[in-house]
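The letters A, B and C name the chains in turn, as written, and every chain counts its residues from 1.
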Amino acid sequence: MFHWLEKHPFFFAVGVFVVIAFAGLIEIVPNFAQASRPVIGTTPYSTLEIAGRQAYIKNSCNACHSQLIRPFKSETDRYGHYSLSGEYAYDRPFLWGSKRTGPDLHRVGNYRTTEWHENHMKDPQAIVPTSIMPGYPWMFTTNADIDTAYAEQLTAAQFFGVPYNKPVPMKDGSTTVVKLGNSIAEAHAMALEEAKAVVANMKDQDVKDAVARGEIPEIVALIAYLNRLK
Amino acid sequence: MNKLYLWGIIIAIAMLGATYVTVGYQKGGLNGDIVNMLAVAGAVALVIITIFVVIKYVRQMQVDQASGELADESWDNIGEYKNELPMGWALMFLGTMVWGMWYFLAGYPVNAYSQIGEYNEDVAAHDAKFEKEYASITGSRLVEMGESVYLVECVACHGLNADGNNEVDAADLNARVSEKTVKYVVNHGSNNKLLGTEMPMPDRNGLFNAETGALITDKEIDEVAAFVAGGLKDTNSAGAKVFAGVCSSCHGPDGKGMEYVAPDIATWSQPLIVNVLNNGKVGTIGKMPAMDRLNSKQKEAVAAYVISLTQGE
Amino acid sequence: MENRPLEYDYTVAKMFMLTTIVLGIVGMTIGVFIAFELAFPGLNTILGSGLAEYTNFSRLRPLHTDSVAFGFTVSGIFATWFYVGQRVLKVSMAESKFLMFVGKLQFWLYVIGVAAAVVTLFMGYTTSKEYAEFEWPIDIAIVIVWVLWGVSIFGLIGIRREKSLYISIWYYIATFLGVAMLYLFNNMEVPTMLATSPAGETNIGDWLHSISMYAGTNDALVQWWYGHNAVAFVFTVPIVAMIYYFLPKESGQAIYSYKLSLLSFWGLMFVYLWAGGHHLLFSTVPDWMQTMGSVFSVVLILPSWGSAINMLLTMKGEWQQVAASPLIKFMILASTFYMFSTLEGPIQAIKSVNAIAHFTDWIVGHVHDGTLGWVGFMIIAALYHMAPRVFKRELYSKSLMAAQFWIQTLGIVLYFTSMWIAGITQGMMWRAHDEFGNLAYSFIDTVDVLHPYYALRGTGGLLYLVGFFMFAYNIYKTMTAGRRVEESELQNASPMGA
């Protein structure tokens, strides 16, 4: 049979394809059938948080940082509760990473603060003297791309049914609504409101001034995102 | 024995030696942890197996001869023998396939294993071991334990010397309070559950000086701040007078606090630190997050450590 | 006609040889640079803080991985295809104007795609998925390049004189199909400009931006089904295609066993695809899928080793060739490293071992004993074999080649030994609890210990890069200064200068 296949390239190719496609069908499709549902307390990302997430991706923080706490005593001691599938329900793309040159960040919002991130992102060695993390000072001067963040939210809502403007259940039994702007202008205004709350705890005068002018430096968005990782 | 095998053995021994040194003298170590042992064993096995298998084939390059029946075809002058499968390889392939099927069908069928179940068991075992062992540790052992917690959890903000990273980012734990903090607290009040309750301290509009009968003044604030930050030592200073007039009613004449009324501001106290770790704190220096992932023993220990920092002098 | 050798047309092969070398240099230079950045973080701002955005580790890392995988390796795959394909099918590209055109078109589109990828990655456009960082327009370019390559493969097969397909062709076909399937499914993304705001605004934001069709755990599952098999169909399958041609050809030996070739091939095809779960051990994907990944990884040792053993046995009785020819040394060591990394991978895929290995430099070590030792050496060997035949000149220097071999081998050994120690040490430190039951080390403690190993790894990488420059120089000199050789000298072993 194989000798025959080797003389009939078309059937050979079909044979190879069937053999390699088989595994995907069995391993991947079942998980899609039970698409990961959000755990209670997981909310869609706000405009500013998405902008921060985009900054995180743009700078490939995931090259050094994971966002996946494995169920080992040593990891839950260090980072907090092990990660649950439903916590990632709104993550497109997922950001688990595959290398921990730096620590896991899945719950960094629980034990680091705005001020800390501000200092650390500008110059990691000032906070952790032997850190090998690069500084990201340009994030303090480049503005976040709120338009694209808004477009991403719209895409998530329109193509994937992410529940913006709808009540989502919280752990304490209450519900929260994450609002999605009706227009670019409104999205900007909402992001700016959020940015003001973040900036209130920051020191950098240029960043504060920028927000006062109505701009949103990338660092503000990034910190909003890091703070939400809990 | 062939020279190649000798080399193989030398490399294998070198590998074992290097492993021994690395595991034994490096930070980390096996710690009786089965996962560590398997990883190291895996690394050693990998090198040794690869070396000896390759040597086996290199020997065949050296002493054997190509043989067998050639197939009719040749491609760009490359021929092909119709040799049988190498027996060892074929058996192992078959073996692993059988093992794989056994694994799924009999060994660990689809839902036989749960990693979360395993985690829960590990944690329970860990807790049981250490809770029993350290339930009653006190004194300098508790401080040592606290230091170990401090070095992992707190250095990132408070710094290796606990001096608060140049006082830009976190409190200097080598002194009870800074002047800046006292001024801030007196001006703005405080509501950080330092007593473990919602009990607030009023801001300056609620702070009467019993001596003068008036609200506390800017000058008095400066004086009292210097006094408190100085550890309430200079009892003849102007600040001491202000303290007696304004603060002692709640914090006590010596500043050691009064239960349910106001915390100790003269020295670090165990309950205050534990309350900070439970609730976090937002002050003039910044925001201290609540450290939820520490257990109560760890909080107690790290508090003992912080207290020990100011007791040395 | 049948007596005279065909005049094969190597135009397209030569073009891809060029990109193999150029992109190899680019990718590995970046690799060495980012390796030293981890040892000496000051390098992140080497061009000043103004340009730090483009010189820092995180921006450059995807440039390294993509330029070595999709630049160096994929170019190598194409270059060897346009050489090997003609010869084992016994048909010249010159016989079909159409295929010639398609080949050249593929090359130029590829170059445009590479340029676009480099520019966008520098600018920070990435979807973050490893080895699938490119945004959707580049995906489209890649798909077109791939389809064109498919046309080449099946076009050439369609007009072949050799009835039955040689083993290398099996592997090239599998590469084509495998990558096509994987790439398409993992890059299902929705450009965000397609959304409309309630106020009716359209085309909002950056047109290049897209988000994945899959979310969270599902996204991870598809990504590592892809990621693992990208390793299979970029770093393994096509490289096996190369060794099955170049080793017997260079040594003049016949393949040891058809049966072994056959079982290894179909075994590899079947088993590989199941093993992707080993990238997701202890994650939130269901336990049974993880187990499946581990078990199939162990089974995968045998079909992988099958090809390597077949190659080593092909050299039975030919030690004098191994000893005399640095070109054959490259290939023998390549199959050794292939065995090494395909035993290492399964060991790391065992759950208890992965508990340590995952997230550490041990994985990076595994990656590079595979890529440097197996992929790199095999592509280098292939180009060395091709050079005299496509340029009709003797290889410029054999001693340079021998020196390169030893320098690069030393580089690889330094690379993976340092990463092993780094990875296992770090993994153990992360897990360690002290006598009080508390974590023994803060994260930064575990970073501090790695410094010497990062420096050593950088040095190993630098040696490998130096060797690669020697390779580039040797090929360049062959092109321009090598002694002209006749067809008759080109039967087996490549003619080489001193």
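Just so it is clear, a residue touches a chain if its C-beta (ideal position, glycine included) is under 8 Å from a C-beta of that chain, and two chains touch if they have at least 3 such contacts.
Computed from a prediction, not measured in an experiment: that's the story for all the values here.
A.B. asks: Which word fits how the chains touch one another: line, ring, star, complete or other?
C.D. replies: complete
A.B. asks: Would you say A-B or B-C is joined by more C-beta pairs in contact?
C.D. replies: Answer by contact count: B-C.
A.B. asks: Please work out the Cα centroid separation of subunit A and subunit C, and write it as a whole number of Å.
C.D. replies: 29
A.B. asks: Measuring centre to centre with CA averages, how many angstrom lie between subunit B and subunit C?
C.D. replies: 38
A.B. asks: Rounded to a whole Å, what is the gap between the Cα centroids of subunit A and subunit B?
C.D. replies: Once rounded, the distance between the two centres reads 24 Å.
A.B. asks: Find every residue in subunit A that makes contact with two or more other chains and list them.
C.D. replies: Where subunit A meets two or more other chains at a single residue, that happens at 71-73, 77-78, 128.
A.B. asks: Could you list the positions in subunit C whose residues touch two or more of the other chains?
C.D. replies: Each of 164, 282, 292, 355, 431-433, 438-439, 444 in subunit C touches at least two other chains.
A.B. asks: What parts of subunit B, by residue number, touch at least two of the other chains?
C.D. replies: Residues 115, 126, 152-153, 156 of subunit B touch two or more partner chains.
A.B. asks: Taking the complex as given, what residues does subunit B use to touch subunit C?
C.D. replies: Contact set of subunit B toward subunit C: 18, 22-23, 26-31, 33-36, 38-40, 42-43, 45-46, 49-50, 53-54, 57-58, 60-66, 68, 70-71, 73-86, 89-90, 92-93, 96-97, 99-100, 103-104, 108, 110-111, 113-115, 126, 129-130, 133-134, 144-145, 148-149, 151-153, 155-156, 298, 301.
A.B. asks: Which residues of subunit B touch subunit A in their complex?
C.D. replies: Against subunit A, the touching part of subunit B is residues 115-116, 118-119, 122-123, 126, 152-153, 156-157, 165, 168-169, 286-289, 291-293.
A.B. asks: Which of the residues in subunit A end up touching subunit B in this complex?
C.D. replies: 71-73, 76-80, 82, 110-116, 119, 127-128, 201
A.B. asks: Quick one: which bits of subunit C touch subunit B in the complex? Just the residue numbers, please.
C.D. replies: Those residues of subunit C that touch subunit B are 87-88, 90, 162, 164, 166, 245, 248-249, 253-261, 263, 267, 282, 287-288, 290-292, 295-296, 298-299, 301-303, 305-306, 309, 312-319, 322, 336, 339-340, 343-344, 347-348, 350, 352-353, 355-357, 362, 417, 420-421, 424-429, 431-434, 436-442, 444-445, 449, 491.
A.B. asks: Write out the stretch or stretches of subunit A touching subunit C in their complex.
C.D. replies: Spelled out, the residues of subunit A in touch with subunit C are 2-3, 6-7, 9, 12-13, 16-17, 19-24, 27-28, 31-32, 35-36, 54, 57-64, 66, 68, 70-75, 77-78, 83-103, 125, 128, 130-138, 145, 147-152, 154-160, 181-184, 186-187.
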